[in-house]
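For reference, chains read A, B, C and D in written order, and residue numbers begin at 1 within each chain.
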């Protein structure tokens, strides 16, 4: 259990435009592993929404199943949340959004939850340009079921059991772009400086805003031959045959300037190379984003930042022309055509 | 030929006529015209479409039954076959009852091997007439159908004015189409008049059996029920025979639910990518306070199981219409059956039970759909309406749809912002404050600081907080059972029809088995056997269902499935000895007939040597 | 403190000890070492892991029961609590039976409010010892666990040599780890020896209760059963508590199934994208002649429903292991239950029934897995093995696994190329040539011109040709029922255990309810109440199950679910009056205990004023 | 019902290398609508396999549900076939293929079957590089359920009911490329000259070979205001409220040279612009294929032909190192470790 709540609070906490403190945007104690990237993302969401001054009750947070999908309990405690079933958050969010376009929708998912069981629903939420922020907390593995490779896992990367993953990864950001997503970004869990503004932009976007956040799993990326000094403990565990020891780790943080690259060493000693986009990328062009991502990939680098955004995005409601009001607020008068009309309907069947 | 016929059928307003066509040739609208004309003549009519799972070129049939008793089930036996499809002609001719008629296209001479001496053949040179009359091959194809309807008007005595006025109504706004259609009708009419002694021995004649009834298919009635019942969101995926539920909903929404000022729709319909997504959308929308629903058929039910378990456990109102078709897997997708009863009742792993309702008529489709939204919101649980292809896709005579202006939607236990504001104690989503097992919910976005809770499919305490505490889990699951008890007083009660003779024999039935069952009971009464009936309209079962079984020493149940699925629910949920309920099962994909039920009951009474209460008549059989 | 204790527990080889840890701290291996040591001492031991659905930082428990009677169920009550987790300490201390012990880390003084006067507190300065001994914080964490095991060796009299030899075996090949571990054990051992009167009143002592038994979890036994049973393909998706089935299968395949020459694998395991794909792969592979299987838990069963209907209807052998967990939806994923019985028996829409098998021990897991492949191929239908988290993930004492070299895989009715070549008549995939409802199949690619057929989920005739003919549909569905009858003679028979006293009382049970049920029957016998038992091992039910029920006037069924799901199957499929079977239901997610069952039976006998057959003893209670 | 079998046969039909006539590669009579594009594709498959001289029993043909998925009954009557459930053909084929790599696998699907309900399974069959030919008979609608828009339907295109489709289409060929498919092609049902060789190449490819075949639905593309002279009939049907008339149509055929463009008028009068790739496209480069497809799309044209192919493709079996033999042919000796080994396994649990 990691305690993301600060233990000490200043008596006069700063408030946002609505008069809420950041504390009021927090959730309950996280039960994720200490140092899990997912907790950092929860923190970034908390901060972004606080700074955006959105009333917590105007937000709905939805998720699937997984460590990542647990996080909505750990932020925005005063918002309604829905931890649904594995891989199906997109459809539940589609329904919720269709029912009430006045709220802000935050969908949280994992790479297993989205790229495997949820692939179809993800693709169709993109296609409908559902007005929501969709965050994948991407750790390349199935955390909650103890470390199997996910479909975003890099080829050759080793799981806890020491097996190299033999399959090519699915790059969700590219797939989203290819499917026509109107907002696509990528970031790293430990880079709050980048993540918070991206979340703000995603929330502001009128349509499907996808953020693929690389979020290291401290527990199931503990591969052999990595962190020094740990060997003794690892061998010990390997010999006892029980993978039951998770050392407390620190959250991995990084900060680097737009247009520059950085290397981040993960808990297992492996390194990811991140490159931050800058003004030179034409975010309005889907094709240029795709091309640039491929270019960096060829160099072994991961491009982070806002990759694409469409200015004039039409969300599902615009497309189908549905009411501006929450459907539940429509009165019985507005909904029920009444007896007289039913009479003429009856006549049409005589 | 007629000379050699030993037996002839003479009847007035008592006939079954079957049209054998090729699908995709435009016959459906002509056949509909035929049935509607009889309806307009004040007759009790019940048409059944028997169509293939394909779009064009395969045999398709349309069977119309007319009678003065108002029986709407299939009768069995065919008096007149209209054979327009060479592919199925041999089989179609074989099916005709001795003494009946075969109407066929005699442009080409009939294969002699198809001849029968015990039926009468009426040849109409349909192809020839069309060749002579029309240039466009498509018009030739299309009007062929209208011509045989015209001929039938002469042959069985349909009021020609009724046909012409129906044509007039149908082509309102497209008046130039009226004359050619009436002309086609007339071509057939004249040909028949000129070549046969009209009418035949089988005729129809005006009655007042129609009253203010309407002729409508169940799926349309469900769509209307959803409009009137205040549904605002539908997530769906196409599947026969449920597709037209959503089509009807959409059609009437477009007409009746578009905001005049803004042009915005007061509803949202989303065609999903599959059934998992469809039910997910419904659950999301319901959670967010909309009245939402979906419609599907068997394969969709299987795919929705996991989500149904979530809705049960997380207590989210969910309305689902299952228009049943035949068989496991893809089975026979264009045939009818009642075989998803168990799949729906216990959908999902773990301990779950779902509220089911079973309409038997279009009016009930309408009423129960509207009620399903009330039930789902009152009980905060899935409500599944089980109907079937027979009711869903066939035009069925029904009492007119009614709406009580005084009726208000029952939206269940939902705390408003004001109520939350006034609350001093902490809001607990799963507290059973009223002792009926039903807790209070709040809609997302209701109050800035109070009433938010976390919905989950994992175990939680009364405040919706995650827990793995066994006692909390048990308490919650027991509360759900209490809610289940409460549901018994909310769901539609059974319709019990006592013969008034204190009969020892009772028949249970549900859904589309109704028409045939009640007809069979009539026949049995004519044989002097009094039978009481109980039509189950919902699961969980009301006390009255159990009492009905207790009160009868011999109890039958009529079902259209192989495994007597409703009987399983009865013995399981009501603690009834299975030996007490004798199943009568029809599962060939066609609607069950009264004869089948009558025979099953009779033979069972014989086996058991039951001496039923008989009327004081000696020979009602002779009367027939 | 001990002075004020009114009651003390004195026992030899009869104890329940519960370790309260934090997950992710390495306690599991230390706790396993503890249990294994007792096992090596020849004791009957049954450890249960009670873990959260989370990876690190939450309370986790390990409960070990030892007794000389060989009872393997949970006993209830805790004699010794080893409290290493401050989070759950208050609750853990409360649970200890009066007269028992609390072992705790006294590096920091205990919160006085947690004190109890009726239990004895044993303080071990675990943290302090580690701080003094180790530099690396990870070693401190890890060895803390080994130290308390060492201390317990002194406290309850575990042979220290057994522990050291286990350490030796465990670290074979990593010898440098042996000394530090033995040292840690010794640290604890010495501390306890030096600070307490060792042993305590609760002790263990060598026995020969172990025989040639093994200590293995059910999932591993299933994995091995699949290896020995000739499974060559597995499609799967991770889900607790089933994941380790496939992990075990893979582990042993890697060891035993890689072709020495080519280095190629004589098996294919594919991690699917979800459960729908997993079962789809199994069906595809089975269709193509491989023995294929998948393992899942509740949510997976729901998702697999549609495919299970296809496999039933298209008659494709399909082996599926359901390691059940608690609840509908996600429920309590790390708790046990037997609540997928109905979902599995009737999975899918339409009329379907599936063969189920219920192992109760690791040996049965092994045997029945191998048998499931035979059954599935002989019957050409899905076979679902229902086990649960309790059996699947806990080390369980079991008879050793056995394999009869003479045994050959039963691959069912499959025509070879030679047979096809020799056939003069046309091959018909769905012809019931043997009258047992089971047709012959062919593998794709068998013969260049004969034996190919089209597999489909749609209705077809005996030659696998698509048809919408109602009679063909009915014939086929009735044949499937005949096959169902045939299945009754293929599936594992029940295990009937008669008290030999001609008792009127019978108890039905299945799967992991066995241990507690048999123990309860022993207790009842000690009270003088003779009870017979029948362990159901398969669905459809063999005649013997029905007979058992008939032969007993009072029949109970023990189940670990809310809705008495097996009872539903019994009343429904065997036409048994539900009132004849009294359910005893435990569904809090923890394995049922003998006491619970004993009390339920007793109270029911009291209510019904049943006078059970009593032994000729007057006061066996006093004996205890 | 269209009769794709020729009514007259020459007594001495030509045979292929194995001595089979083309007739022996045909299936039973099609029950699709006369003129349905799907029937042309069945014909092309028959021809390609005949010419490739593959023994019919060495082929397995699998499909989902839909008009398109019915076609395996209408070709290769001597091969085993499997008409599975809607959208799940990829997983059934994965299992079948895993069990026996010695056979040739033909998967047939529709745009509904693949791009909607089957999207997830499709993506993962691509990712695993399953050795199969995967054909989508793409008509932009749900034929068998009477004409709803599918996810590949073009924005603005009208369904039978006359409603314009408001959603952006999913381009399956691009998505397959993005997901790493090792063989991607596109064609038109009526262009046998192009289709037959593409099918041959797809069968020869060792890995996932995807062919997106545009295949007009004659029945549900009959939109108002199209084919002349039909108006009367249409209005008639519209007025009667029953969409039950399907005029017999001719198959749409086209032939055009590589590197050139052509316009094909569909049954509803709408026009698709096809452009055939030529040698100038570097099929070995995934990026260039994606770029070129986008370029043509921007011009309103659809690029047809072989779009991408990887020479050294490793299929699922190579990746996981499974046996070269059909798994069912492994003997009990090869599979069952026997009593002695079980004894030592028992010992390891003591």
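In this section, a residue touches a chain if its C-beta (ideal position, glycine included) is under 8 Å from a C-beta of that chain, and two chains touch if they have at least 3 such contacts.
All values reported here derive from a predicted model rather than from experimental measurement.
Over half of the residue-numbered contact pairs of A-B are shared by just one pair in B-D, A-C or C-D, which is C-D. Each of C-D and A-C has its own count of C-beta contacts, and the greater count is at C-D. Each chain gets one centre point, the mean of its Cα atoms, and the points for subunit B and subunit C are 45 Å apart. Centre-to-centre, using mean CA coordinates, subunit B is 37 Å away from subunit D. In subunit A, the residues touching two or more other chains are 85, 116-117, 119-120, 123-124, 128, 151, 320. Among all residues of subunit C, those that touch two or more other chains are 53, 273-274, 299, 306, 310, 329-330, 456-458.
Residues 1-2, 31-34, 65, 67, 85-87, 116-117, 119, 142-146, 148-149, 151, 219, 229-230, 232-233, 235-242, 244-247 of subunit D touch subunit B in their complex. Across the interface of their complex, subunit D is touched by residues 212-216, 224, 227-230, 232-233, 235, 252, 256-257, 259, 262-270, 272-274, 276-292, 306-307, 310, 400-405, 408-409, 442-449, 452-458, 465-466 of subunit C.
Residue ranges of subunit A in contact with subunit B, taken from their complex: 28, 55-58, 60, 62, 72-73, 77-85, 88, 90-100, 102-103, 120-121, 123-124, 128, 316-317, 320-324, 326-328, 330, 332, 334-339, 341-342, 345-346, 349-350. By the touch rule above, subunit B contacts subunit D in their complex via residues 23-29, 32-33, 53-58, 136-139, 141-142, 170-171, 173-174, 177, 181, 237-240, 243, 271, 273-275, 299, 329-330. Chain contact summary for the complex, subunit C toward subunit B: residues 52-53, 298-299, 301-303, 305-306, 309-310, 312-314, 326-335, 337, 339-340, 342-343, 346-353, 456-459, 468, 470-471, 473-474, 477-478, 481, 561-563, 565, 568, 571-572, 575-579, 587-590.
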